[in-house]
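What follows is a pair of complexes built around chain A, which joins chain B in one and chain C in the other.
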Partner chain A sequence: METSSSSSAPPPPPHSIPASGVWEDASPLLAAACRDLQDGELVHGENFSLFGAMSALEIMDPKMDSGIEKSGYYSIEEAIEDGIAPVPLSLDRTIDVQRTLDVMDHLFSCEATWHKGHTLAQTVFTCIYLMRMERTSSHAILNSFCRILRATCYAVVSVVSTARTHEEEDLFTMSFGLPLRDEGDEKCLSILNSVEETISRQLRACKAQALSKKKTLEGLESLQDNPDLEEDYCRALLCRLRFRKHFYHVVTCLRKPHGKGLELARKHVASCLTELSLMLKSRDFLKSQSNHTLQQDDEICTTASGVRPVGFDASLNSRLLSPAPPRAVKILSWSDAIRYFEKLLCDLDIICSSPLDPVLENVLHFVVQFQKSVPDLVPRAFLQTLLVQDGKLYGRDLSCDVISRALSLPDIIGDKEFQMNEFVVQLGQLVINLLKILCTNTAWQRRKLGKSLQDWSTISIQLELALKREFGETRNVLPHENMCMRVSKQLLVWTQEHTYWVAYRFLILGFELDLYSPSEYCMVYWYMYVVLMKLIEQMQLRILASNENSRRKGKKKKDHSKDSSRDMAFPSSCLLLQCYVLLSEGLSMMLAALRIKSNLFQLPSIFNSEQERFIQHFDLLQKARLPEHITYYSFRESASHATIADLMKYNFFKEIHKITPSLRGSFASEPEKLAEIRQIEQVAEHNRIALNIISQVRAGDPSLRVSFEFTHHPHFAVAVVKRS
Partner chain B sequence: MSAEAIERGEPSGERDGVGDGGITYVSYGGEHPLPLVMSLVDEELSEPYSIFTYRYFVYLWPQLTFLAFDPKDGKCVGTVVCKMGEHRGAFRGYIAMLVVLKPYRGRGIATELVKRSIQVMMESGCEEVTLEAEVTNKGALALYSRLGFIRAKRLYRYYLNGVDAFRLKLLFPRPDPGLHPMMLGNERDDQHMDSPYL
Partner chain C sequence: MADVTSTPDDSHRSSSPPPQETAAAAGGSQHVEQLRKMLFRRMLVGVNDGRYFLGLFHCVDKQGNILLQDAVEYRSARHSSPSPTEQRSLGLILIPAACRSSCHVDCSVEGSMSLLSL
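Presenting the complex of A and B:
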């Protein structure tokens, strides 16, 4: 008989047997129940949930039972006894070095595979040398390598756990009681340094010997027995050991509080990249020395030599993973692992380049820009732990100070009353959460951003009510207003601006995640237009107020050249948004006109209508009243009047070219923004041409084929027109 | 959970009861179809499901499970397995598994199976229907898109094989009091915004 496992916990057992209780033998009852049940039948209670059903595993089903995976060994000890992880790795000293290098390379591939989202147990810790490190104490090279690798793994686990990147870190940080930490690991650097020193002395000796053509190496013990190969083996080992050393430094420097280790981390990142390229260089030599019959294809092999390493057993830990179905783990090839680490180091380099800017706008821009290269979990966790430490920006700036700085009210930085204000406290929390959310993977990020909209909007509404209650209805900031009112108004504007910033990011991430189908582009661009207009409106209000502040300040202080240069920067960020407005409006109107003119991009379905799809896509925005009074009918009304003729007349795509030249000037020193402008221009130009062609086709012409592609910008599509 | 093994480019043209190619559709009843459902799903889908998972669905919501048979040889060629219930305050249908054998794909069998389940869900008072599908499963995504599903979320590395999933959702129309289009004319004047499209 099979039994079910259920997700709901059974009631706790009573602490003591109640006096009135009478014990009875239930065995006959159970036996009778068993007789009644056929094979495969099931008794279940009210609480038989899907989770319970799915958590049940069928023992000995290879798809589900991870323990079944037929390992020849029941324990590590048994595997060791069988000689699969010998120390030394071979009695032939040359082969011993070869095999050591293979173990290092395979561990490197395992480490990359772990970073890519598998468990430590099924990757790095499939290495028996790592699992029983005491066995390698006589093998200094392997021992030092394993020790620093383990210490690095531990440090990386700690970063990712600290960052709490939600569902992603689950598998990553699970250590299943593996020996992830050992007392000796603090000394891993000094142990490695001494091994490195020995080998580099040996390398120098090799070079000197080559020059002097002497036969013997005085006073030094060679790595292996073939003097002709000594130099290359030294180099191959050194770059691997040095990579480990610098990478360990990178990891520890990045964790220094207040971003104090960034500069040093950056140097080590550069060194890591150098060692990676040396590792790649060593491949030809290692291949030439390895047994050709054992070599695997570059695309699958996990070592530079192409030879499968000794000392690993992928299935030993599989029993640790229960109860869960076995996840397929394919260890990355060594070439892919090199590519992974190159990308990782480039992403970490971006983090190291952070100027630790306290201005929120710049921090947000930095994170968004960072996310464009689609960084993996580890660099995202590092960025998050840099940005948010102890609930402060960089562990340094209180979030209320970040806000007061954003309000261009330097007078109130550190002001206790402002800091204690309940709105400021709540907003400070939202800002910190926002920074954390922006460091997560885009799929999760969009969900969290969507949920946070409600919080942002609630504070907006409460602030607005409080403002009305305290100061009446006046909306404009007047010169004679008292400080308190001015602060409240600016706080409101700032809150609304950021609410729309979050809303806009929520919408555009939908494109990156491929959540919209072409028949929905029309309404998505329409909503983007609406949100962008609100965003610009709030941004302009903020700029106005901040100009007012600096004007006042200018009266007191003569030197305000810095402030005026910052004021100049605001209009360009508004203008950039204006480009997005024009693109959104143009694309939405083009799609709407195509629907009317040629019946394209419509998707009638039997179970619901476009209205339901609108509600579903924008539900979170609508619930947060972003903006108020916007409904499906507002969209439908706009969309039902769109014509190509109107679009030709008010050619939004042409308008963009009037804005971009001045933007180029403002962003002359910011290459990534210049690249963005270039992309915008390309989208505008392609759509302008497409629009011309469409306008020449008569209505209802069935030969017209239009598709939308994201070839020039991740969020703004380009119309591709074909006549069949 | 949920996975779909159906071909890309399923035609959207539908037929009833006995479709062309003579497929017959049967609602789940009795114990004997369970092995049929299990072997179909096991054969075509990568995710492992225990017998409890199947029983959970087919015993609690037999009316939402349908099977497709080829009458020529009586072979079961496709199935859909679903559930429905309260979820965060909404009554929601859920499509757990949809499978059509490879040689029978491209004939609208999957569409027909899933339409039947959705129809029952709608009649039972569901407000919406959801499911998950692999982001790479173009056939399933196209099928559900034609039926009015949107891609509501992307679920990072959702499946055991490490592939992302989309959460698809179909919202049924509901009466929407107070939002009649005629009432919106004045409210829109509140927007401090040029009306889109001039």
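Presenting the complex of A and C:
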């Protein structure tokens, strides 16, 4: 093992490495000492810990040592001198255009890969043209493309770092000292526009020439030398450049304060999608022109033409990534990148369609609806920066005004005393935090929501205590009590309602993350039922109080028509929740009855008891006392009495069908809600049939097979009964 | 120092057996004790691919795997030497004996003879 150092004199260390004295060769001593050491013996100082040593980075380990020599080049300069990134890309002007297009396409794939959670250094900045942009100044097309790409990357990084939604994908914003910003980048649009103008003039000239059959293009510089290909190359370049331009506009418009750029951003999103489809169309032409022997499979190739681009070296930057392990990065294929951008643009379009509604309920609904399509990091960051700016909703509405609006107390908006109230200040902070949390990815969102429950419940306990202290025990809202008391009570009800809203969302996200096993569905649905009951209770209290408010206001202002229409909306949202209550209760009871009747869905685990699992799942709710006096024993008590016969008598699933027709009527104008109702009906119907079958089977019959599937609703299971 | 490196094989053959005996007797050989004095000194380790690692000598095992603390990697910026070196900090690193090509310790001129001679 030691021979290499002891058999011949090692080379002296380079002079550039500083030493305080002289470098003396220690290899012989090391070799001798190692021979003398006992097996397992170490030479180490007092501060040594074996555990700490475990975290040492192992040199020459391909999975740990990012500096390991893989590429042929030690530096970018060396790679450039070797000619791997020539400018122009070829002396043949046709090949130059081809190669430029390949570079653009590969960069496009790299950008999508970056958005998907890899580092900039290993994706976009593997491009040597981008690393040394000044070299491309003589190549107007490439230069303008790289410049606007870099400006876009910088803008996206700053949005994501402002939003801080990237906790899980923290590689995203790391720029490792890459040349991400340069002075000239503000002018990127004007540079791009002039290039675009030149090419589109050339394209017009090509068309005119085709019509007039003239042979020469006077006064215009052709893109390349083959006049037959000129038009197609112009088109291929134009759609790529225009995509970049519109995408840059999308990013800048979305960043405008108070959502002022949304309308314009939406137009640019539409243009981006058009250019994307043109890019796809150009593929056939580019494929036909490229060298067939160089072409790769569609599934892996990162360019439209299928040819590997020049000017990229994936390993040059890897040494920048210390001390992170040098992960192997697979760049998305060009087709996948197109699909990624299509999805991204659709998600951004949803954000652009935001009505900037100041009513909190609608904002929450909007975000939840947005998250249903599982948007990626970038659109989530954009949504968050739109919703919360400077600690205000849309950077416009103070959170205390949002709360007073939610309490239907419009006459209090802007009221200094209300704004200064410590509870209102705290609640405002919670609301802003809630909005931010809802924009994060599902896993992170659930964890954060769970933790925030404690804050929500603490503040409602404090509110309740303050209320008791100042106004005594009465809880009913009487018509002639004073304003202050009325506001306090409503604030309490509103807080509790939102606490249960958060708790409910926390529970259902567990289904999206596959955290529950079928044997636990029973307790999960039971807990959901309990939480939903509380949510409805608080919602009804709030509606009562707001009706009271609007009645008073109506007396004063004769403004009945508007208010009554809003009052009508509340009961229907209550009824919708009622459906979920019935589903939860029905499923929970059905599972409990199955456990008793047929020994199905019992916990088979020898490692932890049911009670331990209950605590694992609901600890955060229990700590926050949501709801109060609910423990594992309350669950066991209610589950132990469930029978199929009782379930048949009071059939929860049948009840749902009594509610839905009226709901359809009140949500007639909202297709989204109608689809939701349809889902509920399907789950109810399937479970009703399953229940009928189960009730006909004798107790303990081993032929009964029941499984639960999420075929009709992501959170509410459908029982599938089979008899073997 | 010079004669040690010029005849390393001889020195090992002649010096190895006695310390092992003393190691059995006193619980540590002279060489191990000498190496122990190197702890916390600046050590420069070269590896097969031409890189050098400079860090504080932290630990070594019987197989000759070295741990360096607060290590900095030096590499030449080009294949063709001489050339300027690039450097980056790595923290705690483990250099397996198999890839080590050289090992130097930072010594004051007068201390070098006494500390490193076998």
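For the reader, a short list of remarks on this structure follows.
To be clear about the criterion, the second predicted complex is superposed on the first by the 664 of 724 C-alpha atoms of A that agree within 3 Å, B and C clash if a C-alpha of one lies under 4 Å from a C-alpha of the other, contacts with A are read in each partner's own complex, and residues count from 1 in each chain.
Convention: a contact is a pair of C-beta atoms (placed from the backbone, for glycine too) under 8 Å apart; a residue touches a chain by one contact, two chains touch by 3 or more.
Everything numeric in this text was worked out from a predicted model, so none of it was measured.
Legend: residue contacts after superposition of the two complexes on their common chain; A:57 is shown touching both chain B and chain C. Contacts of A:22 after superposition on the shared chain: chain C is touched, whereas chain B is not. Once the two complexes are overlaid on the shared chain, A:537 sits against chain B while remaining clear of chain C. Contacts of A:613 after superposition: chain B is touched, whereas chain C is not reached. In the superposed pair of complexes, A:78 makes contact with chain C only, with no contact to chain B. Once the two complexes are overlaid on the shared chain, A:589 sits against chain B while remaining clear of chain C.
Contacts of A:629 after superposition on the shared chain: chain B is touched, whereas chain C is not.
Touch criterion met: A:30 reaches chain C, while chain B stays clear of it.
Look at A:443: by the touch rule set out above, it reaches chain B but stays clear of chain C. 2, 4-5, 40, 42, 44, 48, 52-53, 56-58 are the residues of chain A that lie in the contact sets of both chain B and chain C, per the superposition on chain A.
Of all the residues in chain C, the ones that touch chain A in their complex are 1, 4-6, 8-9, 11-12, 15-16, 19-20, 23, 29, 31-32, 34-36, 38-40, 42-44, 46-54, 58-64, 66-67, 73-79, 81-82, 84-86, 88-109, 111-112, 115-116, 118.
Those residues of chain B that touch chain A in the shared complex are 1, 42, 48-53, 55-56, 83, 115, 118, 122, 135, 145-148, 150-157, 160-162, 164, 166, 169-173, 179, 181, 184, 187-188, 190-198. Only residues 1-2, 4-7, 9-11, 13-14, 16-17, 19-45, 48, 52-53, 55-60, 67-69, 73-75, 77-78, 319-320, 322-323 of chain A touch chain C when the two sit together in their complex. By the touch criterion given at the top, residues 2, 4-5, 40, 42, 44, 48-50, 52-54, 56-58, 61, 63-64, 117, 167-168, 325, 327-328, 441-444, 446-447, 513-517, 520, 526, 529-530, 533-534, 537, 585, 588-589, 592, 603, 605-609, 611-613, 615-617, 627-631, 633-634, 636-639, 641-642, 646, 650 of chain A touch chain B in their complex.
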